[in-house]
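Got a structure for you, questions after.
Think of it as A, B and C in the order they're written, each chain with its own count starting at 1.
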Amino acid sequence: MSSAISVRHLTKDFRIGLRGLKLRAVDDLSLEIPRGQVYGLLGPNGCGKSTTLKIVLGLVTATAGEISILGQPSATSAARRRTGFLPEAPYFHKFLTGRELVRYCAQLSGVADADVDAAVEDALGLAAMTEAAARPIGTYSKGMLQRIGFAQAVVHDPELVILDEPTAGVDPVGSAAIGNMIQAMRAKGKTIVLCSHLLGQVEQVCDRVAIMDRGKLVLEGAVEDVLARRDRHVLTVEAMTPAARAAAEAALAAHGATVTSVTHPRRSLEDLFRELVTGSRDA
Amino acid sequence: MRRFAPWLLVGLLVLGAGALAESSWRRVRTGIPEIGRKELEPSLGQGVLLGVLGGLRTVVADIAWIRSYVFWERRDRAGCEALMRSACALDPHARYFWENAGLRIGLDMAHWEIRRRGGYAKVPAETQQRLFQQYGRRGLDVLEEGMGYARNRTALLLAAGFLAEGKLKDVGLAANYYRQAAEAADAPWYAARISADFEWGAGRKVEAYRWYRRYWETRLRPIQDGFPDDLVRLRGMENELRLGLLQRIPRQPWER
Amino acid sequence: MQASLRRTLWISRVTFLEAVRQRFFAFLLVLSAAMVLSSVSFRVFDFGHGELKFIADFGFGGMFFFGSVLAVVMTAQLFFSEIDNRTALTLLAKPVSRAEFLLGKFFGAWAVLGVFVAVLASLQGTVLWAREQELVAQAEQAGRIPTTFSFGGLVQLALLQWLRLGVVISIVLAISALARTFLFAVVVGSLAVVAGQLQWIAQDALLRPTDSPVYAAFLWVSTRIIPNLQQFNLADALVLGASAVEDGAVFAVFLSGLAYLAAYLTVGALIFRRREI
């Protein structure tokens, strides 16, 4: 079976100014994104990840290279029919209600007339936006905008969902909700490409990651593989006294192992926040 | 080749649209007489451009006409004439503009020119007469041009007759204008009589009588009271021509 | 084909909804309507054009002027709001082609201008009819021939104006597809409208014989590229019967308008196809 996205030797140059100076945004990038996984595309601002996604979606033309989506050449209508996209900081027509927007996108994405109502309600349910769906988008908070954006991206039940900075500017509760949506899509067997520079979230939800810098791919692999340090270990011990610690260190030293640091485990601030704040104010 | 195919299609579409537009323009051009007139060129900078572009022509013509009064008060011939001609050009169907432009040029502008040259006492009589004739002719030209466009031609013919007689001193020409006015459907009651009188005065007495008599018999007698004053004038002509009894208009039962 | 049509209609529907909610549209519509209605009061400034002519010219002038402003500014605004707000990203990432997007924008904007023309033409017809009744009564009393207007001609003229505005929209969309900023599109679009209104000068010159083949070629090319927008101004001939037009001439104008519209939309679609969003 073909990859969800296959990028081969992709290069993109932007021409700047009247003299046509070239700025290389993507430099000979090759990627294979397998199906059914959550794939994180990471990198600092301006590293070329958004440009790569735009090229994949046919919004920007490549200077060189080949791209296919689900076995079909990218930038074709057929490829986009099986793809959902949530752009960074999405903006929608404020006068439409959430439900009208998702319906509009369902119609544009080729959902059959008979299936539109059900598809719209499913997408709204998945994005936890059913209650707010009758409100105009102009009244939505940032988190709700992201969630309605997620709903419009998945309303036609795409096989591949591309999310560009889906949690940018969203509070941790909203961010967690989006994380749950991603997990739900993965459970359905969908491929999700997540473009973000919030590394904590990527680490939590992604199966594989690719890191880009200055238009080039610098690292690619399964999250477990790229993060694990096989030469070091972490033990978590309860009710440890100084004597117990000294005994443990001596026992480890007898086997040639060295304790390099002893610290108290910390909760992440995000976990603490989510523990204290029970629900998003968005709903 | 495939890359250029859509642009080839565009080229064909643009060519087709251009050819169609040329054909349609030939057919509608006569229906838009108010554009393409050279008279508008001197006043394009005075708001007339908006009217040239399309729409609001009547309003712009009115404004141009009102503005021409400013120049008229200053006795600025060039400015006044340019704006009057602009008003005529912007709305060539309006009789009012042609009639008043023709009369202002024909009647007023010779006087402005004489004053500009030092006044009536200083300018020799023959020069004055030449100027009256010159501007009278120009006014007449404007009226003649307007006859080609204006809906109400009769008023322009009467004004032309007035100028021809008053400024050009050409009663034959004046008679011709009044005759055309008299033959119009909306002819005023006096036009035929003036035409006949001028033609009589020009020495074409028999022709004047014949035309006036036929006009009275066909156009005047059947309506209202039979126009007795015109019959009196016709009787006077018959007397002067010394016509025999059978050659005269039969006596009318109501005739005194 | 049907799916493509459906997508285009959905985009035009949302474009229409977006446009009719704009204050700019409401402002120009109210201003133009006020102009039509006030024409009866302003007729005291008329110098003998014939009252109906003055009223008609006042109203159609408003339709022409404000309609052109609306067609240029609103179309550019509708296009650039999608690009600048990046809603185009969401739409074009779906199975929507660039041509469908542009056509959707076109039909949405054209529908708004259809509303604009229909409202103004209805008001114009009502004002003309009311004044005609008074003038007919006065003329009958005075034994004069009354001045009248043609309702059928008014409908034809309204359709011609709508088509003219459609041509303007298609030109502005083609310019917008190329332009980087809203301001550029509005300025160049306005200049294109002015050029279109004056194109007949080249058209007239082309019909006259000339010795210079270069001049003739220049005229020929400019009359092909620039649309003749003046040919749609047939108010006198159609509504007031002041001047005659040949049989079938109005149909020929319709046909050439549609051809221009198709040509500029195709140009716009081809340019927009290469644009990076």
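Note that contacts are C-beta pairs under 8 Å (C-beta built on N, C-alpha and C of every residue); 3 or more make two chains touch, one makes a residue touch a chain.
Just so it is clear, the structure is predicted and the values come from calculations on it, not from any experiment.
Participant: Applying the document's contact definition, name the chain pair with more C-beta pairs in contact, A-C or B-C.
Facilitator: More C-beta contacts join the chains of B-C.
Participant: By C-alpha centroids, what is the most central chain here?
Facilitator: Of all chains shown, the one whose C-alpha centre lies nearest the global C-alpha mean is C.
Participant: Using only Cα atoms to place each chain's centre, name the chain farthest from chain B.
Facilitator: A
Participant: From the mean C-alpha coordinate of chain A to that of chain B, what's the distance rounded to whole Å?
Facilitator: For chain A versus chain B, the centre distance works out to 82 Å.
Participant: Between chain A and chain C, what distance separates the C-alpha centroids? Give it in angstrom.
Facilitator: 47
Participant: Between chain B and chain C, what is the separation of their C-alpha centroids in Å?
Facilitator: 36
Participant: Where on chain B is chain C touching in the complex?
Facilitator: 6-7, 9-10, 13-18, 20-36, 50, 52-59, 61-62, 65-66, 87, 91, 93-97, 151
Participant: Show which residues of chain A lie in contact with chain C when the two form their complex.
Facilitator: Per the stated touch rule, the residues are 54, 57-61, 77-78, 80-81, 83, 85, 87, 89-93, 95-96, 104-105, 107-110, 149, 152, 162.
Participant: Touching residues of chain C toward chain A in the complex: what are they?
Facilitator: Contacts found on chain C: 3, 6-7, 10-11, 14, 17-18, 21, 85-87, 89-97, 274, 276-277.
Participant: What part of chain C is in contact with chain B in the complex they form?
Facilitator: 42, 45-50, 53-54, 57-58, 60-65, 194, 197-198, 200-201, 203-204, 206-207, 223-225, 227-231, 233-234, 236-237, 242-246, 248-250, 252-253, 255-256, 259-260, 262-263, 266-267, 270
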